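You will see two complexes here that share subunit A, one where it goes with subunit B and one where it goes with subunit C.
Up next, the complex of A and B:
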């Protein structure tokens, strides 16, 4: 059985305000400045030190989730490379690197009503002045934890743990019933 | 067109006639009417029966403070909304409303016998009379009193409407869109701040909606209002919310609003939720909530037709409705004169204006205006009573002499009585925010004092009367809230010049002159001046006690019209000043809030997240029966050919014991512990020793709390020197993770170690049974599955069906077992691949029920089922796991306490019924001797109990005081059918040597 099975994550149907995002390679990186420096070289993106900010280069991104915690996101096809390159770069440096590629499902809430939709479950101030493009944070959507990352004025990337995806999308869809068809 | 509707004027749309029914009778009204104004326009004054005495009641007010006119609005069988105020129900075509608390009809109500009995139904009557026997209160008295004294009936069908909830943030939240609120919002918006302006009414404008003759800055108030609202609406930084009540002021300027979206619509679109709950977080709040007019507590003041003078103005100017033909006006403040003049001008005859203000109270320009209009004014007057059965027909006035003595005066025929005792600022939200209140003697009411939050009140809400002054006050408050300097513009106005001050309390009513009529203070709870006086005479001092004894202010209107009058009457009875009597607490909600809006989307399947594993669809397609475990759906059993649970579980268990079974263990919590101090960290947390665990080996771990009691358990594997894969129970995943993080951040900051949740990174398939290796051998590559290479509790990395795999040689069944961990997106296909590969070995999917039986046959505990938060490792028979050489671990010191080592602690044992067919009830108590009478001496209870197919008999686990020393003894489980004898045995029922495990 040499053939790799296909990845199947909880389905995200495309709608005017919702777009599924492709499967990704994800690592949870814990550690200090030394670990960040090591990752910067191997990953090609310097993990930000400003709170709740994401940095990207090409299709790779590093998201600040805590003073010693970053989420690294890369295309699925980079998985094999990173599985070798990251541990090699971090050898000897105090850190924790854990593959969480399959833990999460990503989708995008977008369009002129994106902020309005998300305000129906997220208690944060989502005005672009308070939550600018490039800001990311763990927060809640009603009763589910989500990662929220504003990628454009009218676009938010959301990542949920896979078993919460259905809940978050169901509630967003209920709210979206009010939107003009 | 009825005689009560004016020919023109008002904000109703006379081109849109709406039909509606009240108590089955058909009427018409206009778009823009409320149910109350439309009924008044049809000459209907009788709208309800009172709560306790079933007295006929009409409209008192025109706004949300209305205490009497509670009705039920009916759309269909499921949409019956009881207890809504007719004054806040917007008319739509086809509206159906019914009155409440009457039988058989509103005009002939048998419950009104309570009114005849009222001399024996004084304050505290229920408390005094129905006290004994105590048990009868709940069983007999309370339900009957509730049925007789009532509100509307709740619908019995599920609510078909949807309710939304949202969060919102702004720099300035303005509550109330009257002149002060509009000015505040305009001033705040001018700074560029984000502003939310909400108002409970259908239209923004507040008092201006009923001021056709008033001018602001030289133009008609209506034009000013339209222009101001249009400017705010055009500002994208401003959110205008009509039909939205600010009902609660929560800490840190979190204000709860309810927006009503569809109640006013004839055919609500399915796309719209009925209501939306807003949780607004505001940097600053401006409360421009206005004031509520006070009734005057005179005898017979509750007859239909007796209403507030300001309400009559509102009905006239806003709705184009004359409230009657001939009015007696009872003036306790100057504004009542203005109402009289305007109603007179509109064609309502004014029989007399009785000025009930005490001598010395400053008279305003109202009296001169009334005299100039040719209206009769009687000063130094009081009201001694009213007459009329279902509607007022006559008022009996009295005269107050210079010495205070009252002599009877003239009677005046009328069909409406307009009263005004002055205006009470709406300080509810300010008080809810824990702001202080101060008594304003000139106004005769409490006004906001020092705030506790970043909030300020403006306009009449803080006693600033008069239109221009209110506009300026609002503008200043709005600018200050937005952090700007107050505008220099000063508003000018003509009309609406105040005269709102009064004296709370009752006008003179000497008992000798007053017939046995009641002067109502709290209309909704039927509390009279006499009830308050009685409470005082019976020794109640504190207003908090008087409130609870008389129930004044405790109805659904929370005393909006009655609170201050009650205080003033208590003050006068006890010869104190009003502020000395104190105030009862203002509580949320300001007006009633539906359960639906508070529940929001959290109902039905969306009440909580429903978590499903990658194999869920496969299991569901095969008819698996699921059970809830925490938020997870787990397959409980997989019935085939119509099996019941018993048959399915027996089959599934035997398949694992004799062949091979597969089980979805994905829901187990998983935490990756990484760092050079990972082993040290686990040593400090878990009772076991982790230092001597080799790489690629695993061990069963037990976690205690500080108190020494078992908190969680699970297999922990060492993947590398500095990397552990910890599993937890399904329900314990989140709390174990939180406990670890807590210790890392607060106690053990010296450790170089981090934790990451990987619960959902991995899908886990347990393959268990003598043929488990044969199945996996078909799919697994890169791993030697032989017992020598991969012994019990060994761990290996490899591939299965081509995808990366973390393989545990573990068993929760007592058979040869493996747990296949694959990245979760491969879970569904790997599950299917294993099932396919196992087909020739008869692989059997099994659920949680069979898993429970299999582990019980082996005496493996389930934390939370066989433990209950009060069991030590020794109690649970897992003390062997304690790392004896370790200096410390969480809970170790607690285990040293003598009581934790007491030989009579409840210990886990096996239980075998003497009759092997009997399966004990889980939770059943255990006693030492048979035929005990209650209270029995209970020495333990059954924690797990099943039929074991492989043993052909029932088995059970239980905890028994000193249980291990009782091995072989017979104990008893008392049940309704008699005592069931059980023998105490080892908790390991099957394969005691554990040979199968190592196969």
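Up next, the complex of A and C:
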């Protein structure tokens, strides 16, 4: 048990095409327009209503995951503030707010081959015309569920459940063997 | 791979979806008043259409939402998708719940 408590995020080794991203505070928000408005005021970012789009202000982001489901991402240091501010703002509004900070791990696939690497396991059209910067969605990478967010032409933020991280990165690394050295 | 048009997310690959059985089955308003036959019909009996079939699908690895689709069971072609609670597109030959 003590070992489990000490366990940290699975190590994501930096490679030319891969960068670990810092731990974050994450909230899963379910709710309608009223809940979105309450969160916009307390969180500082308005949860987008357009499908599969992310909105950011400073280091905080709100990602559309479903018509009544958003993921809020903030720096880890904001955790304590948000833990009181968000429930206070949402009091009296029908909603569900769940802290999922430690459920998933984030890393970035980047560089000129980012699209190509992800296309190995992801069935979506990742061309920038079909998957523009700012688009985010849950999808699959081979058999793992991942959250894919294009933050720049050649950068994707991937969030995946902790226990899937090794699986996803190992498969990416295997694909990367084909990259020119 | 089939491309299925999620009413919320747009066209997405089949891998992200889960099938949810026949659509438009209404739960009896007062189950305690139904006969065993009616309850059996509601719980277990489904049409097995050859042709256009209205069925539920869930975008399980995407937005997570259930929606309805019209699919031709002989060609596996999706003719239309629409949100839960909406009626099938007019003119469709889909059979609704018996």
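The working rule: the second predicted complex is superposed on the first by the 174 of 181 C-alpha atoms of A that agree within 3 Å, B and C clash if a C-alpha of one lies under 4 Å from a C-alpha of the other, contacts with A are read in each partner's own complex, and residues count from 1 in each chain.
Convention: contacts are C-beta pairs under 8 Å (C-beta built on N, C-alpha and C of every residue); 3 or more make two chains touch, one makes a residue touch a chain.
As the structure is a prediction and not an experimental result, all values here were calculated from the model.
In the superposition on chain A, A:65 makes contact with subunit C only, while subunit B stays out of contact range.
Contact comparison for subunit A: of subunit B and subunit C, B touches the greater number of residues. Of the two partner chains, subunit C is the only one that A:137 touches; subunit B does not reach it. Shared-chain residue A:178: touches subunit B; no touch with subunit C. Looking at the shared chain after the overlay, A:53 reaches neither subunit B nor subunit C.
Legend: residue contacts after superposition of the two complexes on their common chain; A:123 is shown touching both subunit B and subunit C.
Overlap of the subunit B and subunit C interfaces on subunit A: residues 123-124.
Listed in rising order, the residues of subunit A touching subunit B in the complex are 1-9, 23, 28, 30-31, 68, 94-104, 119-120, 122-125, 127, 130, 142-144, 161-164, 166-167, 170-171, 174-175, 177-178.
Taken together, the subunit A residues at the contact with subunit C in this complex read 51-52, 65-67, 69, 123-124, 137-140, 145. Put simply, subunit B touches subunit A in their complex at residues 162, 164-169, 194, 270-273, 279, 281, 601-602, 605-606, 608-614, 631-632, 672, 674-676, 752-762, 779, 781, 801-803, 823-826, 828-830, 833. Interface residues of subunit C, counted against subunit A in their complex, comprise 1, 8-10, 12-13, 15-16, 61-65.
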